[in-house]
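Order of writing sets the labels: A, B, C and D. Residues in every chain begin at 1.
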Amino acid sequence: MTGVKIATIGGGSSYTPELMEGFIKRYEELPIREIWLVDIEAGKEKLEIVGEMAQRMWDASPYDVKIHLTLDREKALKDADFVTTQFRVGLLNARVKDERIPAYYGMLGQETNGAGGMFKAFRTIPIILGIVEDMKRLCPNAWLINFTNPAGMVTEAIVRYGKWDRVIGLCNVPVGAIMVEPGLLGKKENELIYKFAGVNHFHWHKVADLEGNDVTLDIIDQLFKEDNGLPKNIHDIPFYKEQLHQMKMIPCGYHRYYYRQEEMLDHALEEYKTIGTRAEQVKKTEAELFELYKDPNLDHKPEQLEQRGGAHYSDAACETIASIYANKNTQIVVSTKNNGAVPDLPADCVVEVMAYLGADGARSVAFGELPTAEKGWLQVMKAMELLTIEAAVTGDYGTALQAFTINPLVPSGDTARKVMHELFIAHKAHLPQFKETIERLEKEGVEVHDEVAKDLI
Amino acid sequence: MTGVKIATIGGGSSYTPELMEGFIKRYEELPIREIWLVDIEAGKEKLEIVGEMAQRMWDASPYDVKIHLTLDREKALKDADFVTTQFRVGLLNARVKDERIPAYYGMLGQETNGAGGMFKAFRTIPIILGIVEDMKRLCPNAWLINFTNPAGMVTEAIVRYGKWDRVIGLCNVPVGAIMVEPGLLGKKENELIYKFAGVNHFHWHKVADLEGNDVTLDIIDQLFKEDNGLPKNIHDIPFYKEQLHQMKMIPCGYHRYYYRQEEMLDHALEEYKTIGTRAEQVKKTEAELFELYKDPNLDHKPEQLEQRGGAHYSDAACETIASIYANKNTQIVVSTKNNGAVPDLPADCVVEVMAYLGADGARSVAFGELPTAEKGWLQVMKAMELLTIEAAVTGDYGTALQAFTINPLVPSGDTARKVMHELFIAHKAHLPQFKETIERLEKEGVEVHDEVAKDLI
Amino acid sequence: MTGVKIATIGGGSSYTPELMEGFIKRYEELPIREIWLVDIEAGKEKLEIVGEMAQRMWDASPYDVKIHLTLDREKALKDADFVTTQFRVGLLNARVKDERIPAYYGMLGQETNGAGGMFKAFRTIPIILGIVEDMKRLCPNAWLINFTNPAGMVTEAIVRYGKWDRVIGLCNVPVGAIMVEPGLLGKKENELIYKFAGVNHFHWHKVADLEGNDVTLDIIDQLFKEDNGLPKNIHDIPFYKEQLHQMKMIPCGYHRYYYRQEEMLDHALEEYKTIGTRAEQVKKTEAELFELYKDPNLDHKPEQLEQRGGAHYSDAACETIASIYANKNTQIVVSTKNNGAVPDLPADCVVEVMAYLGADGARSVAFGELPTAEKGWLQVMKAMELLTIEAAVTGDYGTALQAFTINPLVPSGDTARKVMHELFIAHKAHLPQFKETIERLEKEGVEVHDEVAKDLI
Amino acid sequence: MTGVKIATIGGGSSYTPELMEGFIKRYEELPIREIWLVDIEAGKEKLEIVGEMAQRMWDASPYDVKIHLTLDREKALKDADFVTTQFRVGLLNARVKDERIPAYYGMLGQETNGAGGMFKAFRTIPIILGIVEDMKRLCPNAWLINFTNPAGMVTEAIVRYGKWDRVIGLCNVPVGAIMVEPGLLGKKENELIYKFAGVNHFHWHKVADLEGNDVTLDIIDQLFKEDNGLPKNIHDIPFYKEQLHQMKMIPCGYHRYYYRQEEMLDHALEEYKTIGTRAEQVKKTEAELFELYKDPNLDHKPEQLEQRGGAHYSDAACETIASIYANKNTQIVVSTKNNGAVPDLPADCVVEVMAYLGADGARSVAFGELPTAEKGWLQVMKAMELLTIEAAVTGDYGTALQAFTINPLVPSGDTARKVMHELFIAHKAHLPQFKETIERLEKEGVEVHDEVAKDLI
């Protein structure tokens, strides 16, 4: 039996067609035999729609690849070569709650930053650790390619608590920068050289040209001249030029939450009060996508998927898998064990850096020490991540409170506690590790106040 | 010529009588010959009032010590054995501006935390570095005992940029904890053993009893039972018990600004809108104090000085000086070069730790690694300090903006920039290093909006 | 039942009378109730001699303290307040083997340095870890005061593998320096201030006077003028003055093994070939001491004990115990958990530093970073220690070989292996953890070649 | 004017033909315009012989490249794109002295290890820093490719004291391992994946196969079965298998000097007493090579050059240059700034690691923390390097003595001092920075005792 077996947890996701497209494009270097799309009972309908669509895509290709749909994770994992994870515990409704409950109290609700991101971690980490345990039994040589958010914390949990090193965490944010910036200098994509340092959704990069000269400041200057081309799902609020000049690095789009806290919050609250939060918008896009997917004549990725946000995610995943499989040494920005690449963080934690991907995984490029400000930011964010992960694993209330307090986007105090308490109640079904805390809060009469969120419990 | 020469920069301060009381109390171990109180032209009247009061205090004592009043810093420093600094650049009016300008925009205005503390550093650091240069010429063997705020940053600037190691930074906050907590366990002051780690106004402590058992959690539990007795100039907002139980350490009072951000801000804004900010209140207390000091019959520290806040400050200073002079090995919490005492920060930066004070200065007690949350907090605060100091020294706008952005009490964005810009305008007279920036802002028409602050420019 | 209970493991040691003298001297601050001297069957006779002598010493004092002699360690440990360890696994004969077997091959044989020290660690660490386990059950609040060599490695093993923090490792070497050096500058003992950094038998110190000036170079210059007064059991070979001037610190006497490797080896081999190794000399002194102790009229420490070497050891132990008991804050150089005091080593390893001793143990004075050479030396020595301890705990042959290879006093190669193998055979009775290795070596026909050592097996 | 300009300092070296061969092979990706071979007056004859040979090689190729011969370094450097350094201060005779003077006293004399390597650094570093200063003026965008030994220390000096970052240090030792080991497992060269960590001539590597499995232990086992194929200029003395199994890494050949100190020394002394030291042997090979080079019909690299030792050196250099020029991302083991790749050493020092070479230089692969033994070894070796470099720059005697003392291959003591002193005298002409020391030693009557070395002064 030759060829590669792929297992995709959360296979019913609307992203799956993009993943298929990426695999089809790379078939010659990544000869896939079979793809198993796994989902849970609640996602069965979507799994079937997207699964049939996926099979049509392969059937329209020159390659003979079989798509298997299953609710039995063990079957999918058995002897898999690569496992990709793109599941969302509690589906988009959980994200709606993550976004609306903080917003009700005037705080940022967001999928990976602030209060929302922490609760996404609380829900996701126990599940991913369960997947890792299954992999130890069923496919101990497989690679786990995670793009479930918060991708950095999930990868850190896999390495630190799951004791599993064959994992790559992925994100599309760096891809965007690498694709857009060369154009700003009148160059093509492979004419600039990139180094990254940080953690997921919180990294900086430096750029050199093919003469080996640092062109970071040139790009920064261009970014302030014209459309900066950064990912679409970050609202268009510019950085301060003097700040970027001081750091001599380019922050990722998500840094706006930290460098323009006020405006990003205002924007989020404005959406909350008008068109609905991001999750509510995405729900509509997703519904439309699934309508399209149902079309028995559709056998290629529809253009509308691009608007979903998260473009290039799946492309990064497919390239990662191909590069590991064929030892291609492709340069990709990934979440992986630090090993010193970012010397301002411990060598054993997970960072997001430029790496050459090969058969032994990510060979991270050592970045060197960060300037004072970025060093401080990174250290406090890693502390927040470690506390969040520890709380997710132990279910300890005090640790969760410490994580909330240290999070730079959560102003500490009683309102923050209220938000945390309501999120516990709202996500009760997916937080078994916090059972004791949630029962106490229920006894104390804590209730969700945002009506939309409350209806989704 | 025998006996110790003391020079006190900012000698016209209302604290001076407390300093005198401390010296008189310790005369037997610290045989002072003469005390030079220095001030600037603008403080001449206060200097004379408090100087005469100081001389009366000594005259009422059994000791023959001469108080010299001068506006000539060089004369005071010449051959001094100890130099104490308690000056306030721009006097209390500068503090009013530090507090009111942020508050006008709904942000925390405070003397050492948030935007205010950074501008106090901007004003103070160039002056202290000038004093250090004078000391290198005039009294190269003297010790500099600093209690000008922000005491940690000022001490760091002296060590890092002034290249002067004979300095001790002092603060009364730890003194308060050490005096109050034993009573909570039914013990006397010397029956508990303290270790501290952190930076000024941002440290934690652990406590052991005379059996060597850690009693930190016992004290925490007591703190939540009754009046916690922490310093009076922190508004009475309790910590969260679960948080303290998680960290197994006791934070200092100023941690409320970070652990109860919302309530501390509300309180500050309430005062701003009603009775006036802290500086405005202190101005009144000070005026009353100086009225008292004018009384030619008053020859001892008046009780009202206690209410001024900052009690025990001068006592700590006197004990520090006596312990250095007589190699007493008294345990005092001081700001000093880390040397590894707090291993989570670089060995060459300044930290606030428990130390034994002796002829060679502070022998810091190694604290060991901090837990995750406190480590992250401390690292980001030290980054903020280093950036603030760098901006104070270089006058670089981008660095100042980075310091503002990373400060956990300043929500980044245009309002923060506005606050920063108005503070630049308001403190123009004391920020020569930012001349270029201030001229640019003036050209752009930046004006102070808070009327009270505006009137004080 | 009031008063302190002391348990002394290895109570039959010739040092015990010094220990008694130290306790008697400090009775007012350390009110001892009973002292238990424990030894093993093989040491019973010596235990009885020295035990009776000890009781006579107390009987001659004004204090009513009872000496208990026992071979039952558990009885001695039960409810003890302080446990002191001064045992020697395999007695002095084991030391003879440690010294002679390497010397036979022209290598340094020494009690704590080189091959000998490593085998002393292999024999001692399993025993001390057994004592710690007993203490967890029988006296969980007791302090363990260790002066069994190699004291640093033994203390590290207790903390790292025994997970026991209430331990102080002691050595008399620093005591000697602190007593002798002031005289070199015409000063009294308490007129100089000491800071130490390093590990046991491998540390450096810096000295300040009561004006706070560094006088280290002055002492160095004096050391090269006259009798340096360092401990008697280091042969009189001077350091190189230029080297000490470069480091601006004073090395301990044992550094001669590393800084004058050639001459120290020559001296050891000379003794080996003539008067016998140090252990053989000490055996004679000991025999004489025990003859003295038998005298039923002797009720005080005899002068001859001073010549035994190791003077002040017991005094340091008694002062340590008194300082912990009475929270005296005495400054003593001890082996204790680093906690950052020596920032060039990990915060969780054991170092030897100046500390203030109190009810919570050692409050180490942060030393700051070492210069390049000393940093490198210290890091390689700590690696050697950690490997030796790991080999002692695991019995792994490869780890022992790595420890031997990295030891700067063992020239790697086949002769070193031969020495290691013969030491395994020679100490077979006390190395159960290396059973497998020793059986293999026996099969391979490895035999001890030094006749004196061979006769002692 | 298009095409690349290469300047080769020490162009008269016998290696130059190999360099030419490497450039000819890569001409299509590295279009060279002109090559400047620079040498000093004393090397003029060899420069002419090898220069004509080099021109014949190009003339026999399809490419039109002009070889310029010059004694004027500035002309060669002017606008160069790449500068390669392969000079030998004092020529091979200096190496003879480095080897024979220690050997006379029974110590290891070797080109890069022990006493010899330190004096090679003392001679080379001032020259290379002069070259760097010239480059700042004459070709500020050029890359410096150094393969003058000790390559690691020379590179460190360039970065640390020369403040020049566009430098790559090269060595052929890793190339050998990468070429030979795959065959041991029945694989081809590109079928194994390598990671390296350490410093020049003192590094370890780990190997993975194309399934991502660590095969290091498999290679180790093979190494002990058959001819290990490591570089020819290391005498054939095997490592200890148990030691390699414990470290789970493969040391470089030069580790034999440290892991089999005794046998390597014996071998060196044996050669010293019989066939002459390595330099004396190489002198013969070189003379023969130059005879060959004189042949006006020879227009390709002669086979005999392989036996010279140092094979693949030039190939590594050419590939490095081509990979930088064409941003090829070739994996090469280089000496470069750490940046965290080896987290056990400071981020700002130079290490030898696997890197992807491109237009911005070396993108080092983060290796992660080393095991205890290797960490300790590496830290002490880096300390030795830093001290040697500091002594080379400052000419300080005490620092040189510290470097000698900490060097694991130099047994400290009077013999080591004698060796050092004689080396100072022997290399007087090339150690202007030690003028004062050398004059003092001359006054003291220090003379070289080895007759061969003495005759070469």
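Just so it is clear, a residue touches a chain if its C-beta (ideal position, glycine included) is under 8 Å from a C-beta of that chain, and two chains touch if they have at least 3 such contacts.
Keep in mind the model is a prediction, meaning the values are calculated, not measured.
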Worksheet entry | Chains contacting each of chain C and chain D, listed by label | none
Discussion item. Measuring between Cα centroids, which chain is at the maximum distance from chain C?
Written reply: A
Worksheet item: Just how far, in Å, is the C-alpha centre of chain B from the one of chain A?
Response: 44
Response to the item:
Rounded to the nearest Å, the gap separating the Cα centres of chain A and chain C is 56
Fill in: Sequence positions of chain B contacting 2 or more other chains
none
Worksheet entry | Arrangement of touching chains [line / ring / star / complete / other] | ring
Fill in: Full enumeration of touching chain pairs
A-B, A-D, B-C, C-D
Practice prompt. Under the touch definition given earlier, write down the residues of chain C that touch chain D in their complex.
Written response: 240, 242-243, 245-247, 258-265, 372-373, 375-377, 379-384, 386-387, 390, 396-399, 401-403, 405-406, 408, 411-417
Worksheet item: Considering the complex alone, what residue numbers of chain A touch chain D?
Response: 141, 143, 166, 193, 195, 208-212, 324, 327, 329, 331, 337-343, 347-348, 353-354, 356, 358-361, 363-369
